[in-house]
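Shared between the two complexes below is subunit A, which has subunit B as its partner in the first and subunit C in the second.
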Partner chain A sequence: MMERLAGLFSETLGRPMPPLAEKTAFADLPGWDSVAHLALLLAVERAFGVAFASAEMVSMRTVGEMAAVLRGKGVAP
Partner chain B sequence: MMQRFGGLALRGVAAAVPETVREVAGFAERFGEQAVARFRQIVGVERFPVAPEGVQASYYAEAAARDLLAAGVFRPEEIDAVLFVSQTPDAVAPTTASRLQGRLGLGEQTLALDLNQGCAGFLTGLLTAAHLLGHPACRNVLLLGGDTLSRLVDPADQTSAMLFGDAGFAAVVGKGGADAWTIASASAPSEAIALPHGGRFQMSGTDVFNFSITRVPEQIQAVLAATGESREAIDLVLLHQANAFILRQIARMTGFPEARVPCRMAGRGNTSVASLPLLLCDLAGEGMRGVKRALLSAFGVGLTWMTARLNLDFCLCRPTVACPAPRE
Partner chain C sequence: MKSVRLALFADSAPQLLERALLRELAGRGMAAEVRSWAFASPLAVQGELAAFAPDLVLLWACAEAERFPDVRPVLALPYRFLVCNMVARDDGTCGNLAVVEPSTMRARIAAWNAALIDLARAEPRLGVVDLDWIQARLGRAQTFDPRLWEAASVALAPAGTQALAARIADRLCAEQGRLRKVLVTDLDNTLWSGIVSEIGPEAIQPGAPGRRAYRAWLKALAARGVFLAVASRNDREVALAAFRHPEMDMAAEDFAAFEADWGPKSAMLRRIAAQLHVAEDSLVFLDDRPENRAEVRAALPGVCVPELPEDPALWPEALAALNLFEAVQITAEDRGRSEGSRAERRRMEVAAALSPEEYLASLEQVLTPEPLGPANLARAAQLTQRCNQFNMRGTRHTEASLAGRTGWVYRLRDRFGDLGAVSAVVLEGDFIETWVLSCRALNRGVERLVLDHLRSLGPVRGQYVPTERNGRCREVYRENGIPEIPPEEVSR
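This part shows the complex of A and B:
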């Protein structure tokens, strides 16, 4: 999952990503801003075929938190 | 706070925008092709109206009021209070409402009052009008407003430089409606959106997003619970045109189909206090008919969020007017 997320982030933010760790905060990703954050959420929803609830969107600030939400929706680790 | 009012009617709504527009694609040189493409996809803005230098929001509010006058929605002598809602009034003093009272030929007995409010300002104005109309002496309230935020954004800030359009509106609220209005209002003090004296507009996009997609759906559900209505009973949900992604998420969280939650940001951007009346007038220009039961929700600076359940049975919604710059 992490590899797929890294690919999506790189594509959405338009630049290579550093190695992603569970603790990597979205706000620390190169090229991140608030609109890019929404684009990331949309890209992940589409790629994994899921829909995030508002509470989930608000709760995800790191890559690990996003991975946990995805796992909770049945996405394989 | 949830309030109910009986016997009110929104008689008419008009909106006016500058004729000049700024294209979002034109920001590619400043922010890069990909950032601009991402903004267009997520926020949903393609272009937005921009007031010429020196032209105030009151110019567009006045144009909208004159459109309602010409359509016969009100006569100056029938107005007992005029409100002007804005973050960009003409001056600190006198009030812009007083200036518009004079320009529109309203009588000396008219109460003229400015309200400082942003994106939730139209509903703040309706709520204030509802209270004024609770007194027998007040027959009709002319609710005016508008903002010219496009000239106050930081040109280097991607989030706001491509977002804010300029517009003004006018609405007449009177008595005589058969149904009750329900208006919920809430505020959580925050500097997430701020406009310091003499400074530039500041916004923490992530904080505003998180607030919008959680508190607004909760409030919409609370209003429906208070009125005892189902989602199917609502003809149209009019949301403050903040960001297309946010609108879709609120629709999703409240269970309304997107077809009943119109987004018209493509040609307008976020017009702050004017966004809801402008949306109504844009829909009127597209031929909207037969909308009676409406839910309006607006949210922004404060942070403030408000939701109103009103009927539009008696409301004449005028197509939006595009105004040329005033002659010298």
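This part shows the complex of A and C:
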């Protein structure tokens, strides 16, 4: 899952990503801002075929939090 | 190229639209600078706005914010404005009554949009972007994502944002004179179903699915001032014969240019552009055959060549979605353009087929006199300034010199159309001080109709004063039995 996320992030943000860790905060990703965050969430939704709830959209701050939400929606780790 | 400066005012998060706009404009080779103000009125940031010096101010009040701002006070600022209308929205609290009951969201949106239209009609500096139509076309689910609205005040989902940016860019391009002026259409399996050179003009199917709607779209384009043209690989005579099919609801004369031969389509398009005095990049080319589209795209990269769905029934919707013919304004001249040229072509055809007497009789001309007055003074003055060949005494008038004078303006129409005001007369008692007749109305016996009208009111006297170019009206009074004053007797 982490590799797929890294690929999606670099595609959406338009630049290569450093290695992602569970504790990596979205705000620390290169090229990140609040609008990019939304684009990123929508790209992850499309790629994994899931839908985030609005509360999840605002609560996820780190890669690990996102991975946990995805696992909760049945995405394989 | 000069960069376009856009100020964007939104009562939702504007960043997605700002980015989409920059991308869309860059894709069209337009340099742009966009500055956004969220949740602010232009009136509140006048200093910042003046410093930015925008070419255009974009106002986007979204239906979700439920603010319904008054646009009128903003117009006091000295900019040009583009305002998005609001998308239809209903909260389902009172069912169908929402359309009628004035307090509902649905009714308030409709009223705000109606007021915006009134404002745009009255104020030339204000244009409207039809965001509501974007939602109607894409569907509510594609344009509104409630999660994005709740999480980040984003009022327009990505697909809708993209469409809105394209629509705004269309308008900006049109304002910069990047307009499409001519629609060039193929004939076989495009304007009708079938290949006329193989099956004959009687066997084509103008009523096959989609064809009638396609032609209706062409006619609507012509009515608003877009030139229509034909580029067809056919023998010209065979192509023309197909227009005589009983189910055919367009005439060859509906097309301002008609190219039919066996050469490449790109060569036909070049000739059409030259003939209509337009640049190649103002042409749109529609053809059912992908190889023809590819040939034109390769040879003339400036020409717009849309892909078309396989099924012609789907064409009108697909073409409408492309917004190919953005217009900044539509003038009376635009509306009259195709009508005037078409009527004139029909007159010429009829004239060629008949003797001059038969032609005149067939025109069913009606000449309507109007007393000279404030409503027609400008046109009467213009007629005296423009008419040289038929200007009985070489007189020229201005609105001021015509004010308070007695006289007549004559409007002409015939079975092909309205020619407008074609003649003006100024009277001094029974003396015809001025008489002019437009070139468009020469050789149609209008002279006699004017004199018959004047005579019906009482005896008149005329005078011919030769000028360099008015030789053709030398004999008109004599031929019609009007008493003449010798040229030297009345000073000009």
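By definition in this document, the second predicted complex is superposed on the first by the 77 of 77 C-alpha atoms of A that agree within 3 Å, B and C clash if a C-alpha of one lies under 4 Å from a C-alpha of the other, contacts with A are read in each partner's own complex, and residues count from 1 in each chain.
The rule is short, and it goes like this: contacts are C-beta pairs under 8 Å (C-beta built on N, C-alpha and C of every residue); 3 or more make two chains touch, one makes a residue touch a chain.
Please read these numbers as outputs of a predicted model, since none were measured by experiment.
Colleague: By the touch definition at the top of the document, which applies to A:2: first (subunit B), second (subunit C), both, or neither?
Modeller: neither
Colleague: Please determine whether it is subunit B or subunit C that touches the greater number of subunit A residues.
Modeller: Of the two chains, more subunit A residues are contacted by B.
Colleague: Who does A:50 touch here: subunit B (first), subunit C (second), both, or neither?
Modeller: A:50 contacts neither subunit B nor subunit C.
Colleague: For A:14 in the superposed arrangement: first (subunit B), second (subunit C), both or neither?
Modeller: first
Colleague: If I apply the document's touch criterion, which positions on subunit A are contacted by subunit B in one structure and by subunit C in the other?
Modeller: Subunit A residues touching both partners: 33-35, 37-39, 42, 53-54, 57-58.
Colleague: What part of subunit B is in contact with subunit A in the complex they form?
Modeller: 32, 34-35, 38-39, 41-43, 158-159, 204-206, 208-210, 213-214, 217, 243, 245, 249, 252-253
Colleague: What does subunit C use to touch subunit A in their complex?
Modeller: Counting only subunit C, the residues touching subunit A are 13, 15-16, 19, 146-148, 150-152, 154, 158.
Colleague: Can you list the subunit A residues touching subunit C in their complex?
Modeller: 33-35, 37-39, 42, 52-54, 57-58
Colleague: In the complex of these two chains, what residues of subunit A are touching subunit B?
Modeller: Subunit A reaches subunit B through residues 12, 14, 27, 33-39, 42, 51, 53-55, 57-58.
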